Structure formats: structure tokens, C-alpha cells
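I've put the structures underneath this note.
Below are two complexes that have subunit A in common, paired first with subunit B and then with subunit C.
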Partner chain A sequence: MRAFAALLRKEVFSLFVSPYIYLLLGTWFLLNGLFFSFILGYPAVEQDLTLFPQFLFGSGLLVWLLLPAFPPLLTLKLFAEEQRTGTLEPLLSAPIRDVAIVAAKYCAAWLFFFTFWIGVLLLFLLLEFHQAPLDWARVGGGFLGAISASSLFLATGLWASSWGGNLILAAGGGACINFLLLFLPVLFENSPGRVGALAKSLHIPNMLDRAFAVGLFDSYALLFFPIMTLLFLWLTWVRLVSRRWVP
Partner chain B sequence: MAHMGTPCVTKVGTMNSRARLSLLLCLASFAGVLLTGLLLAFFAQPSHRVRWDLSNHSTQTLSERTTRALTALPAESRLTGFFFQEEEHLLRNGAAVYPQAFSRLRTLLEDARIQTGSNLTVLQLDETTDMIQVEAEAVRLQREPGEILFLESKGKIQRLSFPDLFVTTDPTADGQPARIRQEQVDTSLGNAATLLIQEHFPHIWIIQDPTVPLSRDLFPFLEGQGFSPQTVQSLPSHQEGDLLLIPGQWKPFLPSLAAEVSQWVADGHPTWISLGFNAPPGVISWWNEVLLPQGFAFLDGLVCEPISTSTGSAAVGTPDCGRLEIRPQSLSAQHPATRFLTSRSRSYLFAGVRPLDFRGGSNDYTRAPLVRTRTNAWVENPEHPDFQPSGHEAKGVQNLAMAANRWNPNGNAPGRLIAIGTTLLFQQDHFPFSKDFLAATFRWLAKGKEGDVGLVPLHSIPFRPSRKEKVRMANIAILGIPGFTFLFALVIFFRRRR
Partner chain C sequence: MIRAEKLTKKYGPIQALSEVSFQVSPGEILGFLGPNGAGKSTAIKILCSYLPPTSGHAQIDGMDILDHSLKARKSVGYLPENFQAPPELRVFEYLQFRSCLKGATRKEARRNAGYWLERLDLADRVQQPIASLSKGLKQRVGLADALLADPKALLLDEPFGGLDPLQRDDFRTLLKELARKGKAILFSSHVLPEVENLADRVHVLHQGVTQADGSLAELSRKHQANASVLLRVASQAGNLLHQLKQEQSPVHACAIHQKGNTLTIQTPSFEARKKLLPFLAESEIELEMFHLLQPTLEDLFRDLVQPKENQ
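Right, the complex of A and B next:
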């Protein structure tokens, strides 16, 4: 546990002192600010502000473009950079369990990505400051859904980062998996039979748009993201420890 | 040989290691995926799923009644939604009608899909769907423009068009957009499902006076509520849950029918009796005798209220004083039959009403007024009408509808009865405005769970900041927060260089 805490501190520190990460954060805030201003000027939202969380968290570009693309950019350095610079082997041979390494790197990325969402929360506080009558259950639901989805996408990014020392492969692979997770269910949701049913049960935008962002908390959606996150963390761990399985 | 053999051994060894590694990787990954799939399949089952609606007005899930009706549909039933913005007047002046409506429909259809499990296939078609599929579905269902939802089961189809689901206002010439005032998606969907599965539903035996014309929409409405209405001349053998409805009476029953009705009420079977202000005295006195144990009676006279005018003054002296605008606050907020209606922001129209009041009654029954007037009401003497409160007329709050329930500490006792002092609720002009009142009260009579029925107000929150506020918010969102972050990145960059 002490090793985990030390590694977590180190990873968080390395993220928080990286100018590259702040450039990423600034870009995220800029794009979200643009979407925010655009959606706020949308006539339907002017008529009914309750639609705002759905437009931002449910069906907007935040979900379809930023959410899948940014987490892998944050996680790409976590394993791929270590492999590229040759510091992964010493880390793996250090007296710390592999699961703690994966958990520490994931938690560091998650903690830092939380600051990404704090910036978006500031936009809602800005609305509140201007006396906008917000339905906070919907806003809170939207945030919970978006944070859950970003937790999953960070895990896929971490897995992609563990593939090798190529940073482009790590970022591109992670983003690719995230876009597949988003788009594949959409492509097959109207298919007949089990394919359609499976696509509907894996449909992330629907979970965000028709549950979280309307203030509706569904036990399945609440469990879906942690379970999928654990799957990708498991795959990362498997990739990491597989080096030791063969003499 | 040695130098030839060594590479060969190394090569074979490397391949074996890689094969083993790959196999182990695949097995471990497959185990993870399999376990994840099993867990998700388990938690996706409707019986293992819980939904908490924390939105402001808690209307993002279907009512128990609608869910039950949809779940009762046979397997391979289909619910198809066409989400296309087709009516031009609902788009004018930047109206939010379609985004609001489709947001509601998508959420509720998703709820229907989740709650009904594999019984019901839910298909949502919109601009993002393959247009060939949309066209094929439209042709198959013979869809007309404006039709939104199609519920199919065993070859039978129920169609719901936009006005069936939403009540909207039109855009105005001065630039006001169309708005959704109320919606009835849940009720309409529940009615459609009920009509499709209808086989053995409680009967409503209607003793109809030929001189009291009923709305032609009454029977389809009652069928949609899950009843089987039937006009009768004498009471047939009945089953648990059957209701008796007397939507007005102009002449006394024949002795045999009177005995049957009297026995029906005495036995505690659910009864709805409706007598207007001009019902004959003989009929009134007969009913008051029958209703003695329940503890209330029909009184004489016509209930009137001053008419509110646009100038704020209250007009009296015209027969229109007998048309009562019943506001939600005038309905009982305690009684289960009307509790849900009090939260609605809509009024009801009761016209030609005879007052009711408590009278006698046995301890076997609890009784409560369901609908009351305002304090400025009075009871007009119909024989000398001047439509003004006169000295000898009763004034103040009047009871317009009352309910009795046989007392039983264990609950589930038969003996529910509703008496109401007007017959116009069932007639053509007034019926459309009484539907949700009738639905709620009939379901209470039938001992169903009183759920959310009928029209539900859709709460919009307009937010129109001034131009200056918009610019300030945009500046902070686009320049302020990102600019500060970029600046911070620069500071860190230069500090790290040093």
C-alpha cells in the first residue's frame, strides 16, 4: 500500500508538472467553452434550459469527439513512455506488485482527468452566477455519466499505452477503441435479434443521453462503466504481467 | 553442426515461448471478457435493474400502469418511434417543441425497452437512421405524416400522432414560438397497450337513460383505461372489480332494476352515480335513501359562482354562473382518487351541478368530498333563478363530488362509491376536459393503483440572458478559463527549463 501511495504521488506529480498536459487541459477547456457558448445560444436551449445537460453531455460533440479523444492523450505516456525510455523494466522489477503499478497509474490519470471536469463545472457555476435556473439533478447526472465514461476511456487508453513503446500507437489505439465503443453500438442498434439487443445494451451515448443527462440513474448504466473499466484494467494488467509468464 | 543446430533450437524455443505467451494472453483476456459479458448480461435483466428518477419533476420513467400493460403484451410486440420534425408551425421562431418532445419520448421509450425486457422490441428512427430502413418501416406501417408512435402486437396496430402525445400552443404573429403545454405520453402509451392486450378486463355496467346523450368517445376512452364498458338494462352476474356507472337519470328505475341497483350498492360493489341539477325529485330522494349508509346526499339547487372577467370584477346574473371552473386547489389533495390531479396546472369544467353534503351515514364507511367550489359560491334555486346570491340561498363552499369507502382496517374492502352532482362530464362538449378526472376516479373505484394519469404539465425553464451577459459568459468560457490554463502551461514550461 505504501509503494502504491508512493507511485501514485510520483505519477500525479509528473502529470501536474508537465506543460504538455496543461496544453491538453487548455485545449479541452477551450473546446468545451466553444461548445458551451454555442449550445447556450441554441434556440431550443434558450426556450428550455433543462435540455442543456442533454445537449452538452448527451448528444453533443463533447461525447462524440472530445470524450473519446482526450483520455488516451493523457494516458499515452503512462506505460508507452516508460517502455520507450526503458524505465518500465526497473519499475516491474521493483518491490511493488503489478496490480499496484496499474492501479497507481490509472488513479493518477483519473485524478488528473477530474480537473478536466472541474473546468466544465466552472461553466455551470458561471450559469448559476447569472441566475440560470438549472436542474442540478440533470447537471449532476450529466457529470456522473461523463465522468463514468471518461473513467472507461482512461482505462482503454491505459491498455493501449501498455502495448509498446510507440506513443502514436498508444494514443491512436486508445482513441480508436473509444470511438469503436461509441460507434459500433450505434451502427448495430437497429439490427434485428441478438445483435440489436447487444448493441443497445452497450450503447454509451444512450446511457448518457437518456439516463444520466435527464437525471435518471439506472443501476445497469451505473455498473456498466465500472465493470468495463475493470475489464480494460485487467487487460492492462495481463499485458504487463505476461512478460513474466514465459521464462 | 553445432553452429547449424544452435540457431534452430533457439528459434523453436522462441516460437514456443511466443505461442505460450499468446495463448496465455488470449486465455486471460478471454476470461476477462467472458466474465464482463456475464456480469453485464446479469445486470441488464429487467428484474435486476433499478432506476432512480431524481429529476425535478420525476417524470422520466413510465408509470406502473403503463409498464404493466406493456409487459403484458405478447412476445414479439414492437414499439416504433418516428422522430422527424414534420410540422412547420412547430419549428417557427426557434421553437423548442421537437427537441423537448423527442427528448421525452426517447427517454420514455428507452424506459419501456428496459422495463419490458425481451417482450417488446423498441425501434427509434430519426435523421441519423438509415433512410432505407425508415422508408421501409413507414411503408410497412402505412404511416401518415405526424404519426409518431406505433405499437404493434399480433397484427394489431395502435397509432399515436403528435397531438395524441403533446398539447402545444401555436406560434404567434409577434414572434412567440410554439410551446408544449402538457403531455400525455405515458397515458397514451398505456392506453394503446391496454387496447392491444384487452381480453378479460373489469366490466363497467352502464345504466344509460336514453335522454342523457353520452359522448361517443366515452367507450373507447374506458376501453383504453382497461375496462370493458357495456350498456345494460338490468345488472348481469358480475365478477370482482366490475363497476356500475349511472351517468345521469331522468326517470325512476323500474322496480326490478331499482332492487338490483339498491342491492348492488348495499353489497358494496363499486358505483359511480351522477345526477345533474335538473334530475327529478323522485330520483333524488330514491338515491338519497340508497346512499344513507354511505353518509351523503344530493341536495337541491344549482351551484353557481361569480364569473371572473378580464377587468378583475366578478360578474353575476347570467346562467353562465352555473359553469364552474374547478381549479386544482379545489380537488381533494388527501383523497387517493384526486391526489395526483392537484399537482396539475389545469382546471376542470363542471356545469349544471347539484350540491352534495354529508347526511347521516353508518360507521362502516369513511366519506370525503372530492371536489369543492370556492368560498364565493352559492346554491341557486332553479325554480326562481336570478343567478345572483340572494338572502335565502346557501352560500360558501359547496361539495360537488363525494366519495365513500367502506371502512376496513385491513384494506382491500369493497364498497367504494362516488357521487357527483353533474351529468355533463360524460357528454360531448365537456368530456374531453374531464378525461383525467374520470380516469383517476374510475381507477380508484376499481381499486387499481392510482397512478399518474392523463395530462402532465411539461416544465420548461427559459433562460434568455442579455447580450452583455452572453458576451461575458462567452469571454470567460472561451478566453478566461482556457487562457489561464495556457498561461499556467507556459509558467511550468519556463520553470522546468530553468
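Right, the complex of A and C next:
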């Protein structure tokens, strides 16, 4: 536990002092601000501001572009960058369990990505300050969905980061998996038989748009994201232990 | 304390290690020798559980590195060849982090870091970012890292790289002191005089295969075939050279170099040297000096490695 806490502290510190991460954070806030103001200008949203969270968290560019693309840009530092710079070797030869390494790195990325969302939350608080009639159940649901999806996409990013020391592969690979997770179910949802059923059960945009963003807490969606997140964290762990065990 | 049995490592078709066995007892310093690509770093990486062996076993403090990897890693202090640390951390922060990673509380970690910074003459660098350190200073931080948890075994891959002569002296003294305290130390180096000065035993690797293992005295005895005899005569050195080249001379087939009144004979065997003295007595040449030059580690290393490289 001490080793986990030490690594978590170090990873959070390393992320917070990295200029690259602040560039990422700035870009995220800028794009979110643009989307925010853009969606506020929609006629439907102008008429009924309670629909705003659904447009932002359910079907907007935030889901289709920023959510899958940003987490791998953050997680590439966690394994790929360490391997590239040679700091992974001292870490893996230290007496710390592989599961603790994965958990500490993931938690650090998650905590940091949470600050990404705090910036978006501030925009809502700004609306509230101007006495906009927001539906906070939908806002809360939208945030929960976005954070759940971020958790999954951070896990896929972490897995891609563990593939090797190539930063482009880590970021590109993670983003590719995330886009596939988003687009494949959309492409196959109308297929007949099991393929269509599977696509519907893995349909992330639907879960975000029709459950979380309308303030509906669907137990399937609530379980889907943590299970998928654990699956990719497990794959990361497998990748890590395979370096140590597979000749 | 450190025990390797038939360690083999393949990278695809490349055989990096082939059934390498050795052991390092508590209080012993083993020098790992070999040219580039001999498999030294691979063996060390396997011992610190960073790489898995293709076959074979290794133990640290009685713990198998595969079956009890975590416990084995607890007993090891490891300094990689090109030690790297997160550049954003300061020296003290890094060592404190590493100490916590090895199981110390934050208070213990501060104490451990402070002690080794002082001991390795890094006390004035505590607030310096690691990114701004020179290679030698980084190496010392890496050594402090390896020593933080008071490990029973030390694995040091090219630890003298980047150190200046004074730092090397300090480092050598420190390693000898640690060995006296019962630590098993395995280090690889290209700096042969360092190995000669420091190691109780050497293990010579070439192309992943063990060429020799033993104390310097043992290896010298085994490889005396390559020793030289130094002769100095009052006069008639040319005459002696002529006699030594005759067929009845026990060293007629050896390489003999003359420099003034001094002759150096590279003797092929112990037998030849044994017969040389009676032969010289019979030759009635006034001999001022007869000196057997023991091979240095460098000579042994050349003998063990060079012929194979030439093949």
C-alpha cells in the first residue's frame, strides 16, 4: 500500500508539473468552451435550456471527438514515455506489485482527468450564476456518463501506453480503440442476429445520450463502464506481467 | 546469496545467454566481464526480475526470481547501466519516492534519503532537479537509490561509467565496505583495472557463454600458459636469443622480443618454463634477472575473448 501511495503521489506530481499536460488542458478547455457556446446557440437549446446537457454530453462533438481523443494523450506519459526515457526499468525492478503499478498510474490519470471535467463544470456554474434554468439532474447524469466514459477511455489509453516506448503508437493506438468502441456499435447496431444484439449492448453513444444525459440512471450503463474499464486495466496488467514472465 | 543456474536468454534467433551459472556469496564481490554484447546486462536484468529467462533459474537470498519475484526484488539493489530518473523530480524527492516504493514510511524515507545523500557526497544537490545533473552525479543518485533499502544483494551494471577518478576511489571504498558488511555484490564493468582492484572473483562472458569463473589467482594459475618470462643478461643478449631459437631450446617456438639486454619470452606452457632455467644454466650466459610475469586481468581477458573474436 505504501508503494502504491508513493507511486500515485509521484505520478500525480509528474502530471501536474508537465508543461505538455497544461497544453492539453488548455486545448481541452478551449474546445469545450467553443462547443459550449456553440450548443447554447442551438435553436432547440435556446428554447429549452434543460436540453443542453443532452446536446453536450449525449450527441455532441465532446463525445465523438474529445472524449476518445484526449485520454490517450494523457496516458501516453504513464508507460510509453517511461519506457522511452528508461525510467520504467528502475520501477519494474522495485519491490512493488504489478497490479499496484497499474492501479497507481490509472488513479493518477483519473484524478488528473477529473480536473479536465471540473473546468467544464465551471461553465455550468457560470450559467447557474446567470440564473439559467438548468436541469441539474440531467447535468449530473451527463457528467456521470462523461466521467464513466472517460474512465474507460483512460483505461484503454493506459493499455495502449503499455505496448512499448513509441509515443505515437501509444496515443494513436489508444485513440483508435476508443473510436472503434464508439463507432463499431453504431455501424453494426442494425445488423441482424447476434452481431446487432452485441452492437446494441456495447452502444456507448446510446448509453450517454439516452440514459446519462437525460438524467436516467440505467443500471446496465452504470455497470458497463466499470466492467469495461476493469477489462482494459486487466489487459494492461497482463501486458506488464508478461514482460516479467513470458520468456 | 545471488545464484544463477543455467540461465539462458534468447531474443528471437539471437542467443544472448547460454546456460550461464554462477553464484555470489555474502560479503563477496563478483566482477562480470565481457565485451559489448556478451550478455552481462541481460544476466543482470534477469536477476533483478526485469527480464524473464528463456530457461534456467536464479535466486536472490534464497528466493527464486520467478516464483518469489517480489521478495527477491526486496533483497536487491539495482543500478542500471544508463540510470535514468524522472527529470521533473529533485534529487531528494526522487530518493524519498524510491524509498517509499521499497516499503519505507515517509519518515524513514526522508531519513534514508538524507543518509545516502550525505554518504555519497550529494548533500549539496538535494534541491537540484535530476534533469540538470551530470552523468556522474546521476550515477551517484542511482547508486543511492540502489542502496536505499539496505539490500542484501547489489546488482550494478557498469557502475563506474561517468565517474571521475576521485569518485571511482570513493565508490570502490564504499563497495568494499558494503561487502565487509556482508552484502553480495555483482557488478559489470569494461574498466579492467577496476575489476582487478575490486572483485574477489570474476566471471567472464563472451557471446552469452561463460569463458571463465574464479578468483584472479585461480584464473592466473589456470592461464599461466600465457605468462611471460623476462630475462636480463649482462651482455651477449643477441647470442642468448640465438641459442633460445635453436631447436633444442625449450622455448624455441615461442615469441621472443629483444630490447637491449632484456628478452621477453611469451611461454606457451608451464613445462617450457620449467625446462628454461636448466637450459639457461647450461648456456653459461651470465643472467642478471629471471622474472616470471603473471598475466594481468587484461591479459586473461584478451586470451579468453580475443581468439574467439578473431575466429
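The rule is short, and it goes like this: the second predicted complex is superposed on the first by the 246 of 247 C-alpha atoms of A that agree within 3 Å, B and C clash if a C-alpha of one lies under 4 Å from a C-alpha of the other, contacts with A are read in each partner's own complex, and residues count from 1 in each chain.
Just so we're on the same page, a contact is a pair of C-beta atoms (placed from the backbone, for glycine too) under 8 Å apart; a residue touches a chain by one contact, two chains touch by 3 or more.
Computed from a predicted model, the values in this text were never measured in an experiment.
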{"item": "First, second, both or neither for A:234, with subunit B first and subunit C second", "value": "first"}
{"item": "Which superposed partner A:9 touches (first subunit B, second subunit C, both, neither)", "value": "second"}
{"item": "Which of subunit B and subunit C A:17 touches, first, second, both or neither", "value": "both"}
{"item": "Partner chain in contact with A:180 - subunit B first, subunit C second, else both or neither", "value": "neither"}
{"item": "Touched partner set for A:132, first subunit B, second subunit C, both or neither", "value": "first"}
{"item": "Contacts of A:97 with subunit B and subunit C, given as first, second, both or neither", "value": "second"}
{"item": "Partner chain in contact with A:29 - subunit B first, subunit C second, else both or neither", "value": "first"}
{"item": "First, second, both or neither for A:89, with subunit B first and subunit C second", "value": "second"}
{"item": "Partner, of subunit C and subunit B, that touches more residues belonging to subunit A", "value": "B"}
{"item": "Partner chain in contact with A:118 - subunit B first, subunit C second, else both or neither", "value": "neither"}
{"item": "Residues on subunit A lying within both footprints (that of subunit B and that of subunit C)", "value": "17-18, 245-247"}
{"item": "Complex contacts: residues of subunit B adjacent to subunit A", "value": "17-18, 20-21, 24-25, 28-29, 32-33, 36, 39-41, 43-44, 48-56, 60-61, 94-96, 98-100, 103, 106-107, 110-111, 113-114, 118, 121, 123, 125, 128-130, 133, 177, 179, 459-465, 469-470, 473-474, 476-479, 481-483, 485-486, 488-490, 492-493, 496"}
{"item": "Subunit C-facing residues of subunit A, complex", "value": "2-3, 5-7, 9-10, 13-14, 17-18, 85-87, 89-97, 243-247"}
{"item": "Interfacial residue positions of subunit A with respect to subunit B in the complex", "value": "17-19, 22-23, 25-27, 29-30, 32-34, 36-37, 40-41, 43-51, 54, 119, 122-123, 126-127, 130, 132-135, 137-138, 140-141, 186, 190, 196-197, 200-202, 206, 209-211, 214-220, 223-224, 227-228, 230-231, 234-235, 238-239, 242, 245-247"}
{"item": "Subunit C - residues contacting subunit A, complex", "value": "9-10, 45, 48-55, 66, 69-71, 73-74, 76, 78, 80, 82-89, 97-98, 100-105, 109, 142, 145, 149"}
